[in-house]
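First chain A sits with chain B, and in the next complex the same chain sits with chain C.
Showing the complex of A and B:
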């Protein structure tokens, strides 16, 4: 994939200056993209007869004014960090996991089954068991595209899209049949309530913070998500597997020539991606609802792709990107209360933002590559000696 | 087994075929020009909301055309991102799909006063009766007695599609842009406009299919009514090996897979198989096909790759 800039493999000469200038170029590109998205959003808002600055201010205030606002933003960000990480680790190996959507749906069913089936365990064993079940669910679902990719060359984009479709039907069937709640006449289709000891408490509840109401499901999964970011960073940049992953991602041919088994590396990282995807639905399942219903939260996997690209597929960028998207979802509440705008304006804005950011990164990294090539060329031969036809 | 049900199932299957086939055919033009389009689902969503609005305002025929036009306009976002700015095709496609959901809600709020659906019972095309076939005995004739006029249109569009793709200069150049853009460029073919055209056709047909879904199947716009049909169209396209005739066969198969759980759930054998498992068929078949267990899948050689040369 072309948008990945060779940040680590830069020229050995004066690498520091090079890194600095390319970081500067990226920052400028990013700011430009935000400005462009803001301007395009303003046009829509103006067409609606509202003041764009007011709208942006409302989004900001609704995200940061009170502790509970911040908690809600972080609640929104929690699943997106996991899905962003899941997309990013696969992407580092040159694989596109757009199956996070299906993987987390299956993982929610696996987690719910574990919570219900192992309810005899004490809480301190049950919660880890449920988390492991979720990871395994995600990994099983990711294993099919991974193995097919390596064994038959089937493109993972196509197979993961198909696995998403299968996941939706499979979980619909599970909720309707084997896992359907038997408790009374229920209108909404769902599983039994999961045992209380399998649920993940909110941070406010554990620490006794009273300014954050119980309706904000800002749980311990958020710190866990940050731990996951750190672990992914260690994995990618401090372990042998991470080195192999990055080698395969930048050039599978050279990696293979260097003695790395491309297939084995791709399968391993795709399974790790699936395991991370397993956590995506857990805040919804174990923090908020406490059961798996047919109206579970969707699109978290696809939004993870947005988060991964906004965060440049880096474990440090992903939480920031997730918080930004979390702000936009939180801002929808503010817009609904304080303006006549349809709240969907922010979903559109999010799309415009991600497209302009991707375009900006693309333009910047092309520019950097071009400049490096020019520098190298200028160094290799003095301008006077360069043949005329090579200048094109 | 009551054949009346079978007739009804075939009728509904043909309607779903129409959606899958039109969308897949659009995707075919996009991918043959070199642009992978997983945004078909999103394009279809725009078609549903705009088609429903157009139908309420100006009648079903205009609704279908407005859906198609809106789909084309929307697909230009994908073309701009992938052709002009060389953004990864998959990233752009995913964004298209997510934005379409928000945009559809936004437009529905404007048009219908609520984000999630329009009033039901929007006017439809009425039905036509296919001569001879509608006289089939045992209720099978039902399949062809109350047919939407768009269904035969979908079958017939194959002829111009094949002609344009294989017999015209535009078709040849479009395919060359998808197979070997460098060679095309060296022969003086401008790659970028062809790719814009390919994506535009996918928007046109995908939008039309979405409008058809709203007008002729559901009789309203409703959030989530596309239920992944855009991805099924993509599956049919892969199974059809990016050729119109095989795409048509794949679309028929998947169209019936959609209709069977809705119309034949009492039939023997089928009643033993849960609806949800029948819905998985298109996806499972596609995975098996793309893994090379049956036949071979040959996507256009340059599909998904940005063309680095001059953009004009």
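Showing the complex of A and C:
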């Protein structure tokens, strides 16, 4: 499908122009998708008798009006970046990790256990230990479907979904029995409070920014999430494993023929996916609550699938998609507080947006493919008209 | 290709046109409502953060809404200055809802449920000019937070007296949820005291479902223990066991013996065959607590710390409704007796214990 034709003068310039114009086409397609989603959303909002522009304005104002609103959006985005990355790296190898949900739930329990069990460590050792425990928790939970996939061929979609159910029950049991706090004697089901030195402070607290109140948990995990994006990019596009992953993802048969062990690659990348999933619940656990309670935040893993999809499984697209979803969920707060609309309206909007993005990507990539085919065909014909076009 | 481009353009045009149409659609007319009401309305804004279940739970959340509605009706606050938020299914955004209401400048944010307490501890300090109230709360005692508690033992005394007055066997039962926290023991102590005030020789069977919070959600065990108390001779059983109480009502209907509900008027939500066996319920009047707290803030009279709502404050009561207000269940004789006890408790003549004897 490559358009890189014989090494004529025109062809050396063509790829860059191609890249630019296809990026442009993708941007236009994406904008169109947003417009379409906004429009369909408007119809639904109108059906409820509210003004769609008011609703969209509320979403924007609630997301960007004040520093603390932006911080809230980024707080929402933090776990989604990790879960988006976890889904995306597996997807690059052609694996569908639906189990991020269960992996992060187990990882939260592992992190809480480490924070409580290793509380004798000084803070600068305890925090890394807790992070490693979370990664290990996610990896252990991911290893089961990974091994089952490679050894028995059991499909990872089925096994990861089942592992999610087991994770929820396991952690419920842990909170009810061995990890249950004796201090919270009432109906307040939780672990002991984690030692303060194991918690991750908010950026505002560290830098002394007073305009952001302490109840906005925009923590140092956000920059860490961006670092994770960069590392995933390096892994996928600058390492041998990344190359193998992408090869297995695009065609496991030819990867195998080319000397890559499909099974080993899939297990490795699934473990990396699980390690990334380990970070998903940490903003909730170490930034916000400071203990693991029976009503921890759920669905972050499933939302990661949305984020990975909207971000095109690319480590640069994922943070943007996560911020977008973070904005929509911040917008839900605004709609709940300021209008009589059901907040589900933004969940519908999110669904509509995903559908429109699918359509837009499809239209744009068809158009790009078609144009490339035409260009290839044109190049094969007498190249008389080329120079004029190439300078354009 | 021109056709392709034209198509895109057409789509874009339609989008823009529809968008414009959408903008014209909204009407400012829906702003004008609730301008009636009393003349002396305070302009404070009151927000309520519901717990799981939200509106329509026929329990705490609905009761809180009734308290808010009463305050609006009495002209204490204006309807357009109120708002309420429901949490998601897991309740993980409880704190977010409280923050959002406080952030919008609601002078009083009421959180309906003890589970809000740890969150309020963290949030209240960020909004020192605003007030927070937590129903059944155990939040820290700071200047702008009040925990709204109830004197469950007083309400339990009344239903204990009702049980003794109704009982023909001279034996009644108590089904508790979680043992050992002192919370449910308060219900037991009041119930026993009320029954003994009527009949000092009455036998009281006591069963607890368990030692963990799971005891509040185990209808199967609730049913088994209720059956064993009915089999042991009790003909009235009162429960303080949350969702496990469903088992009591099932057993009562099967054994054709009487049961007493807790927290809200449970005969209103029971099935018809159970309804005829629910003698009454011990009411925690969340609506009263909500109403009174709103009034206090409106009158610039907020009390921080821990407030308890007993019989005197109208915070607890026994339930009378269309289903039990008859001779089959809560006869007028019994009601007259109960009202006498009520007065004696309010006047201080009777002091209800909060811990069971022995």
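Everything that follows uses one rule, which is that the second predicted complex is superposed on the first by the 350 of 392 C-alpha atoms of A that agree within 3 Å, B and C clash if a C-alpha of one lies under 4 Å from a C-alpha of the other, contacts with A are read in each partner's own complex, and residues count from 1 in each chain.
In the analysis below, contacts are C-beta pairs under 8 Å (C-beta built on N, C-alpha and C of every residue); 3 or more make two chains touch, one makes a residue touch a chain.
All values derive from a computational prediction rather than experimental measurement.
Enquirer: Under the stated touch criterion, which partner chain does A:379 make contact with: chain B (first), chain C (second), both, or neither?
Expert: neither
Enquirer: Go through the superposed model and pick first if A:367 touches only chain B, second if only chain C, both, or neither.
Expert: second
Enquirer: Contact-wise, after the overlay, does A:205 reach chain B, chain C, both or neither (first, second, both, neither)?
Expert: Touch partners of A:205: none, neither chain B nor chain C.
Enquirer: In the superposed arrangement, which partner chain does A:35 touch: chain B (first), chain C (second), both, or neither?
Expert: Touch partner of A:35: chain C, not chain B.
Enquirer: With the two complexes superposed on chain A, say which partner A:176 touches: chain B (first), chain C (second), both, or neither.
Expert: A:176 contacts both chain B and chain C.
Enquirer: Looking at chain A, does chain B or chain C touch a larger number of its residues?
Expert: If we count touched residues of chain A for both partners, the winner is B.
Enquirer: State which residues of chain A lie in both footprints, the one left by chain B and the one left by chain C.
Expert: Shared contact residues on chain A (touching chain B in one complex, chain C in the other): 176.
Enquirer: Taking the touch rule as given, give the residues of chain A at its contact with chain C in the complex, in rising order.
Expert: Chain A residues touching chain C: 32, 35-36, 38-39, 42-43, 45-46, 49-54, 176, 185-189, 213-216, 284, 288-289, 295-298, 333-334, 336-338, 367.
Enquirer: Tell me, which parts of chain B touch chain A in their complex?
Expert: Residues of chain B touching chain A: 36, 38, 77, 81, 85-88, 90-92, 94-95, 97-99, 101-103, 105-106, 109-110, 115, 228, 231-232, 234-235, 238, 274, 276-277, 279-280, 282-284, 286-287, 290-293, 306.
Enquirer: In their complex, what parts of chain A are in touch with chain B?
Expert: Listed in rising order, the residues are 1-3, 96, 98, 144, 148, 151-155, 157-159, 161-166, 168-170, 172-173, 176-177, 299, 302-303, 305-306, 309, 342, 344-348, 350-352, 354-355, 358-359, 362-363.
Enquirer: Write out the stretch or stretches of chain C touching chain A in their complex.
Expert: 4, 8, 11-12, 15, 18-19, 22-23, 25-27, 30, 83, 85, 90-92, 94-97, 99-101, 104, 114-115, 117-118, 122-123, 125-127, 138, 178, 180-181, 183, 212-214, 216
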